[in-house]
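Both complexes below contain chain A, partnered by chain B and then by chain C.
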Partner chain A sequence: MIEDKNKHDPNRRKFIGASAVAGLTLAPGVSLLSIAKAKPLDEAVTSEKRWGLLIDTNKCASGCTACVDACNQENGLNRGDEKEARPEQKAQWIRKVDLRNKETGHEVSLPLMCQHCEHPPCVDVCPTGASFKRADGIVLVDKHICIGCRYCMMACPYKARSFIHEELLHQVEYAPRGKGTVESCTMCVQRVDAKGQARDPACVEACNQEGHKAMFFGDLKDQDSEISIQLKNFSSSAIREDLQLNPGVRYRGI
Partner chain B sequence: MKYLRNMSILILLVLLGSTSVFAETPKPYIPKGNAEKCVEPTADMRKNHMKYILHHRDETMHEGIRTSKHSLKACINCHVVKDDTGTPVNYKSDKHFCNSCHHYASVQIDCFDCHASTPGQTGETASMIDSVSRVSAAGGKE
Partner chain C sequence: MKKITYLEIEGRSKGFYTLIAILGAIILAGLGATYYMEHNGHWVTGMDNAIVWGTPHVFAVFLIVAASGALNVASIGTVFGKSMYKPLGRISSLLAIALLAGGLMVLVLDLGRPDRLIVAMTKYNFKSIFAWNIFLYTGFFAVTIVYLWMMMERRMNQYYKPAGYVAFFWRLILTTGTGSIFGFLVARPGYDEAILPPMFIIMSFAFGLAFFILIIMATYKWTERPLGDALLRRLKNLLGVFVAAVLYFVAVFHLTNLYATEHHGVEKFILAGSSIHTPLFWIGHILIGGILPLIIFYSKLGNSRSWIATGSVLVILGGLAQMYVIIIGGQAYPLEIFPGMEVVSSSFGDAVSYHKYTPSLPEFLLGVSGMAVAILIVTFGVKVLRFLPVSLADKDVDPHHDA
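Entry: the complex of A and B
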């Protein structure tokens, strides 16, 4: 029987999880390295990893836009190419959102980007297959196939995607972007796939440099990764959990 | 009638004569790459370069395979053409490596609507370009 590689089988995943645990108990003396090791450049990504982010809103400072600025710089956004666009039309992969509880007056500030859902609505609605989820959970737009219909922008409950209305000239070499296509946070896929060790996305790096340390990046399927340990030990939530999209971006303190 | 026929023969002769002037069709000037040799034999690349980069494009986009062989970025890095001031020309210029043939053959490509057409465009350099253009804009009327 030929097995469909793309077919989602939750039982298989459970089996892998169980076998990993068994491996741990069988060899207690062997330490399993849990550093976010990158795959070799010539190997395809696999579903053995699922990249995710954890954002601690208690540490996120209102008014700080370090993550947004770093994202813009890393991916060549907001370089003055979009001359006609209104501010709300301009490409933005991360937005800072301030929330206030009307009852208590409690305020939180958080960065909101593509949530890299396990069941992404943008992928469901895309008529050409341009919007897709990589095996390692990163949701991307294949701009070679995108026809710019913007159906995904309508479908995304997080308003995470932008459409490019104008000709661009200042793209960076590892983040191609262009007129007539939709784009969103790529979790800095060029850094994730980097040779040697997977680097933190630009936003996480900037948050750490700023000293807030409100963002964690790592492999959600690796039980020993920093992000998994954080998620296991402290409560966290997903935005619009009711939609059951199982986002790869999780928040603490909201 | 006879006059007309004579005229048409004359015109035909003139036309034939003029074509002989253009018998030497100008050939495109294709700048050499900076490496010793290309990733595939030159003849193969001339014919099949689009197939190689198309294949690699899908592998990179969907599977995260980021080897440099057959990657557009590697083509751009090696086949960079510089202008008189020593700065790499972008795809707007006729001198750009891809344009040297594509303009000649009237084959339009849309790679550079999205991809950077000059090497070394990183977040850092892009911000430098931006600050330079901002300074020059501030110096001007705008």
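Entry: the complex of A and C
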């Protein structure tokens, strides 16, 4: 019996080791959280900020998928482990859409993702509260209490959510994903929350690196932020403005 | 009118065990299908990120709607005081519970994480119509069981009327809740209509009664108990009224949409499109589920028992077609994310005239097993408890019967 137990020891030891490291780093309070790149627990998300995006479709190039690629890279999507899912079943948090005005023929290209509504229908309909909106306006899914009913996908006006149709491996630690649950753009919450080293969401960073500079990220409540100045000085609109959901993502040129 | 005697069925015949075996086999197949879908993930189904609710939901919602309708027969006796319906109250309540159990089983087993059912029971978002429905469904079981107890327990007989009123109002609210699941979807042009909840109530009247007629015809035939012609005629006439009412509501629903230019797209897709939903609507729902049963019930054919049974089966098949068009068709028509714009290209399937969906065998098996569960519960129920009157002959149930 004792020998049998010893056989399992390596795994057990690893686990204890990891727990010890976690415990040690947890003690100071901040270090573990910086590994997880999540917001420090001692610092609550507040409604003093509202994170938002402005997308200038005049600068967005048709055929360019830098934002999509960066999102996939950052959040561990499309790593080749969705082997069985059909294309319509694969997860996408951000997608490129090319549009043509039916009357005028004017064409635009734009990235579309979760619009982080102020009044999100996905949050309204979720039976367990897994779909939720943070005080700073970011709409997320709590993967621990999502039961996979997909009612949020029925309710979302933007088709912004994906259901995980198969077992996933190779996930990144700050963006857990699981078979049978629903997920969508997190506005790269792990970057936004990183204390002292906050960065733009991956899509915005990639768009800038590509030289298009079609995406602005910032605090909509801060009058002096670039996004607020841009929104104040130039006209913009929200997709499906008629629904009055007040999305945190705004567009220019549509 | 004589005093009604209720008695268990014997349930020892070869036919009884054959029925149990067939239902058991269907349920096993459904559970196997569930294991297959949950083990692999939903990629083995026809569902995807556009059609998120598939065939299991068609069956589940159909059964849940039919459940509340099945209780109607009891309500007609208790709430509306029609004495001819009173002997049918017990079996009506049992059928209602059974259909709801079958529907809920299908709904739960199609969740992405059915293992987290306990989460759905412990964490609630009270703004969600789904969360309300969890209470409405569990409450329906409780209310109907209490109602049954009041009807079946002599000491409690005096209270059965108030219990019947509670059950009647509860079932109306329940179907309103089920219809609202779709009626509240503001962004989908196929739903988002206030007429959906009342339409679901009328649909429940028809589907539930069709099930009820078939169940009593089968049980009374197989147990060789008398079932009166006048009673059956009354039930089929009532079913005809409900079927006509469904057609009326569907007509109003589509005419209202047709008047608004913004809904022309989705109306054209359902009523005159190239997808399966157009023939399912016209042939499946309107013809098979509406016009043919009306012809059967109100012509000379309506005097024949086998034609009454056929008409009831057609109502159920037409109802399933209607549910398919509502649930799948409503999702198949693409969201109008950019009104006035045409989607030239998209990596997420936005640039399609409609979303395609092919039901898979496991989805179908799960759905059908929900029906089998409902019938199995009724079959066992009537064997162990006194749900069925010994006679439903006209002279025994109809106070105005002359013969």
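We adopt the following convention: the second predicted complex is superposed on the first by the 212 of 254 C-alpha atoms of A that agree within 3 Å, B and C clash if a C-alpha of one lies under 4 Å from a C-alpha of the other, contacts with A are read in each partner's own complex, and residues count from 1 in each chain.
Rule of thumb we're sticking to: a residue touches a chain if its C-beta (ideal position, glycine included) is under 8 Å from a C-beta of that chain, and two chains touch if they have at least 3 such contacts.
Please read all numbers here as calculations on a predicted model, not as lab measurements.
Asks: Looking at the overlay, does A:176 come into contact with chain B only (first), chain C only (second), both, or neither?
Replies: First partner only.
Asks: Go through the superposed model and pick first if A:159 touches only chain B, second if only chain C, both, or neither.
Replies: second
Asks: Quick check for you: in the superposed arrangement, does A:92 touch first (chain B), second (chain C), both or neither?
Replies: So A:92 only meets chain C here.
Asks: Have a look at where A:229 lands relative to chain B and chain C in the superposition and call it first, second, both or neither.
Replies: neither
Asks: Once chain A of both complexes is superposed, is A:112 in touch with chain B (first), chain C (second), both, or neither?
Replies: Touch status of A:112: second partner only.
Asks: First (chain B), second (chain C), both or neither: which does A:75 touch?
Replies: The answer is first: A:75 touches chain B but not chain C.
Asks: Return first, second, both or neither, reflecting whether A:61 touches chain B, chain C, both chains, or no partner chain.
Replies: After superposing on A, A:61 lies clear of both chain B and chain C.
Asks: Using the touch criterion from the header, give the chain among chain B and chain C with more contacted residues in chain A.
Replies: C
Asks: Return first, second, both or neither, reflecting whether A:146 touches chain B, chain C, both chains, or no partner chain.
Replies: The second partner, chain C, only.
Asks: Using the superposition on A, tell me which residues of chain A are in contact with chain B and, in the other complex, with chain C.
Replies: Residues 167, 179-181 of chain A touch both chain B and chain C.
Asks: Provide the residue numbers of chain B that touch chain A in the complex, in ascending order.
Replies: Counting only chain B, the residues touching chain A are 57, 59, 61-67, 73, 76, 90, 113-116, 119-127, 129-130, 133-134.
Asks: Which residues of chain C touch chain A in their complex?
Replies: For this pair, the touching residues of chain C are 38, 40-44, 47-50, 52-53, 111-114, 116-117, 119-120, 123-125, 127-131, 134, 181, 184-188, 331, 335, 337-351, 355.
Asks: What residues on chain A touch chain C, complex-wise?
Replies: Residues of chain A touching chain C: 65, 68, 84-92, 95-103, 107, 112, 121, 123-130, 145-151, 153-159, 161-167, 179-182, 239-240, 242-243, 254.
Asks: Residues of chain A touching chain B in their complex?
Replies: Answer in residue numbers: 39, 41-45, 73-76, 79-80, 132, 134-136, 140, 142-144, 167-174, 176-181, 189-190, 192-193, 202.
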